[in-house]
Amino acid sequence: MDRFVFLTVDGLSRGAVYAAFALALVLIWRAARVVNFAQGAMAVAAAYVAYSVSAATGSYWLGFLVAIVAGLLLGALVDRVVMRHVDHASPLNPVIVALGLVLVLQAVLGMVYGNEFRPADVPFSRSALTVGGVAVLSPYDLFVFATIGVVVCALAWMFARTAVGLRMRAAAFAPEVSRLLGVNVGGMLTLGWALASGVGALAAMLVIPTELGLHPHAMDLVFVSAFTAAVVGGLDSPLGAVVGGLVVGLLLSYVSGYAGSDLTPLAVLVLLLAVLLVRPGGLFAPVAARRV
Amino acid sequence: MSATRAALPPRQRAAETGDRPLDRGRRGSTLLRHLAVLLVVGLVLVAVSYAVEPFRNFQLATVAAYLCATAGLTVLTGLNGQLSLGHGALMATGAYTVALCQNAFADRGLTGGWLLALSLLAAVLGTVAVGAVVGVAAARLRGPYLAGVTLAVAVVVPALAVTFDGVFNGEQGLSVPVEPPPLALGAYFPYERWQLWLSGAATLLALLLVANLVRSRYGRTFRAVRDDEVAARLAGIHVARTQVLAFVVSAATAGLGGGLLAMLAQSVSPGAFSLTLSLFLLMAVVIGGLGRLAGALWGAVLLVALPDLTHSVTELLTLSPAVAQRLEGNLPLAIFGVTLIVVMIAAPGGVQGLLSRLGRGLLARWPARRS
Amino acid sequence: MSAADLLVVRGLVAGYGAAPVLRAVDLTVPAGTIAAVVGANGAGKTTLLRALSGMIRPSAGQVVLAGEDLGGTPVEQLVRRGMAHVPEGRGVISELTVDENLRLGGLWRRDRADAGRALDEVYQLFEPLARRRRHLGHQLSGGERQMLALGRALVGRPRLLLLDEPSLGLAPRVVARTMALLRHLRDRTGLTVLLVEQNVRSALAVADQGVVMSLGQVVIAAPAATLRDDDDLRHAYLGF
């Protein structure tokens, strides 16, 4: 039972990160109909920038802040410099270009920082607090929950309640009509990329210290898990992405706890295939799945 | 539609799919032409294998191995429109099959040149099995979903080597015992030349089959499904079956390529079949020119030549060993990535597209200049 | 061109791909009037509106709105120049609520207070919309979508309203109401309307000026009453 509680909390903490990362994927998917396969590499790049800043200044928090800013900028840059110029007539094209970005980013990181793991700092202890003799959750887990909770709520508020959010949604749903109504659709798209990339960078900052450390490929498996989470939730649903993230986190935690951590990659693949073959629109698909 | 087709007599069936007697004649000549090309290329390869130094022989052999995989991926992505980021994993399947077979033979004390052929055949069959499973799933998926699943395959399959390290020996990988060249070729026959012969022969055979497939009725159904699934379905093409077939064919060649790589390196390890390899393969077919077999050749050449080239360049610069190592490992990746992006944005036809455009341009000018 | 002409179009050429759909269109719409563009299918009516609002880029010609040349103005800037375009099929964003759709029409405005007032006025003008503020676009009837699209354009307080086939798929009663509303807006607020219609009778009934297009050109522009009443003209150009 103790172990179950521990694994559940651990899974939720991991799942919160997947949720944020999946949310970032959904943001871009809704805005641009592109699954950003470069999101993992972009997030790692932001994390490396944070690493450099933290190493130079000795401040974790300054690095944390810089990572998010770097993520925002990188997202905007990728949209403006690369994705904007890709012919979206075939859905293969943006995917291939995103993969090209993966190669470039990982190579540049490897050239600058080397291809070895670097330890990543945590601002709070990762040893679990015990409640009534049961190890429940660590201060770091609390930090993860709080940060992602704030970000998810802030995004939800922004999209539902603010003028910018309304513009972004309108631009995503009906770009032509939105332009006729004076919405700068291109700008909204860039903003969407920036926000998604910023959220991705935040997720990377939170998850990398809990894994092997900083490495150009540090987010590869996280990306696959988050993609699975987004698919579980249905690529079009932000709420689905959050729930999907938590589901994937829990599943991986139980698999790793009860069956061995080596099996988690396989579990992700099986879950992804199962969801896609049984319910291609995701568990929260409102109507019959759209064929993409 | 398929029911009516089955009921038709063979002659008429052929007519329906466009194989008129005229075509039949041409198809026969297609096979002959491919055979002729194969023979010429084979002879040239043998000549080249004597002309160049052993290291170049090894490199050419590696090009041949990659060519298997890129040709298969060309069929899948270029002709059938299915994106696969998992071909590195399929190559890994072939490579590990060859490793396991060769080790099993060696453990049992079996020797003989035909054993390697058996191992390669097993690699093809094993990969076909894996490819069929992935292909059945892939046939139901489109666009980003398919990309995501195959990406997951590419990330997860190499990790399995660690999960089941009892069989695959974890990160260390397995060694692949390969026999020396037969004594009939002489005592001092360079091993690398022998490798090129083997690798080249297997690849040419695979290419012959693929090239004929591409020109056949199946090739046309592949393209029809890529261009417009609904229209293809209305024309009586079984879309899902066609997609699975394309996946299986490309898996078979990827498996052969992986098996050849294992034979060339005489070892396999998960590190050699990472996600990066899958991305490399995709990049190779895109840069070469999606949907053109000749493009697959350009891609395979690039895969071998570019790292070699960057190696030479980094050697020219005077760098500290650590920096040089970082550059050498990553510079080709960066160049590949940038090229991939630039090609996708500026020249979606790839190298082969540029060349054939150039060729057509020259041909168009030729008569004008003569007159 | 007189100072009273809100929209002046000269030699407008536009189309999709190589072949132009519009071949040198000339058109003048005085301020505070309703102009109805009529003509057969494929005459280029919709293309004319799309070229005016910049959704397709004209290859030649000039569009002048209130004395300002609109050449090269990006689509999203045109609302700021006082042009509102209700596209074919109305362009209601079905994933957004009625209220969100309407607010979107005034988001570009600096004068937030007046944008709010305009929103209230639209709700007063279209009672049914006020009752369905929280409903999503796709839950509305055809008539309600029509109101929403019109209302959304009006929230931006345009000087020139481009309307593409407002009668399409609507009951005659609803069409009559829409036409009456256009007249009301013209008289009350001085709104200028350029209306594209298949429904020639109801369009000419409400319009001040009738513009007949054929094969990408304006073949006749005359007072609507003339077109309505002159049997020869009507037979020759409108076929009834």
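Note that the chains are named A, B and C in the order they appear, and that numbering of residues resets to 1 at the start of each chain.
Quick note on the criterion: contacts are C-beta pairs under 8 Å (C-beta built on N, C-alpha and C of every residue); 3 or more make two chains touch, one makes a residue touch a chain.
Note that the coordinates shown come from a computational prediction; the quantities given were computed from them, not determined experimentally.
Undergrad: Any idea which chain sits dead centre by C-alpha averages?
TA: A
Undergrad: Please identify which chain has its centre, taken as the mean of its CA atoms, farthest from the centre of chain B.
TA: That would be chain C.
Undergrad: Could you work out how far the Cα centre of chain B sits from that of chain C, in whole Å?
TA: 57
Undergrad: Mind checking the centre-to-centre distance between chain A and chain C? Centres are C-alpha means, answer in whole Å.
TA: Centre-to-centre distance between chain A and chain C: 44 Å.
Undergrad: Suppose each chain is reduced to the average of its Cα coordinates; what separation in Å results between chain A and chain B?
TA: 33
Undergrad: Spell out the residues on chain A that touch chain C in their complex, using ranges where they run on.
TA: 163, 166-167, 169-170, 173-174, 176-185
Undergrad: In the complex, go through chain B and note every residue touching chain A.
TA: Going through chain B, the ones touching chain A are 77, 81, 83, 85, 137, 140-145, 147-149, 151-153, 155-156, 159-160, 162-163, 274-276, 279, 282-283, 286, 322, 326-327, 329-334, 336-341, 344-345, 348.
Undergrad: Would you pull the chain C residues touching chain A in the complex into a rising list?
TA: The contact residues of chain C facing chain A are 53, 55, 74-80, 84-85, 87, 91, 93-96, 100, 103-105, 107-108, 152, 156.
Undergrad: If you look only at chain A, which of its residues touch chain B in the complex?
TA: 29, 34-35, 37, 82, 85-87, 91-93, 95-97, 99-108, 110-111, 114-115, 217, 220-221, 223-224, 227-228, 231, 235, 260, 262-263, 265-266, 268-269, 272-273, 276-277, 280, 291-292
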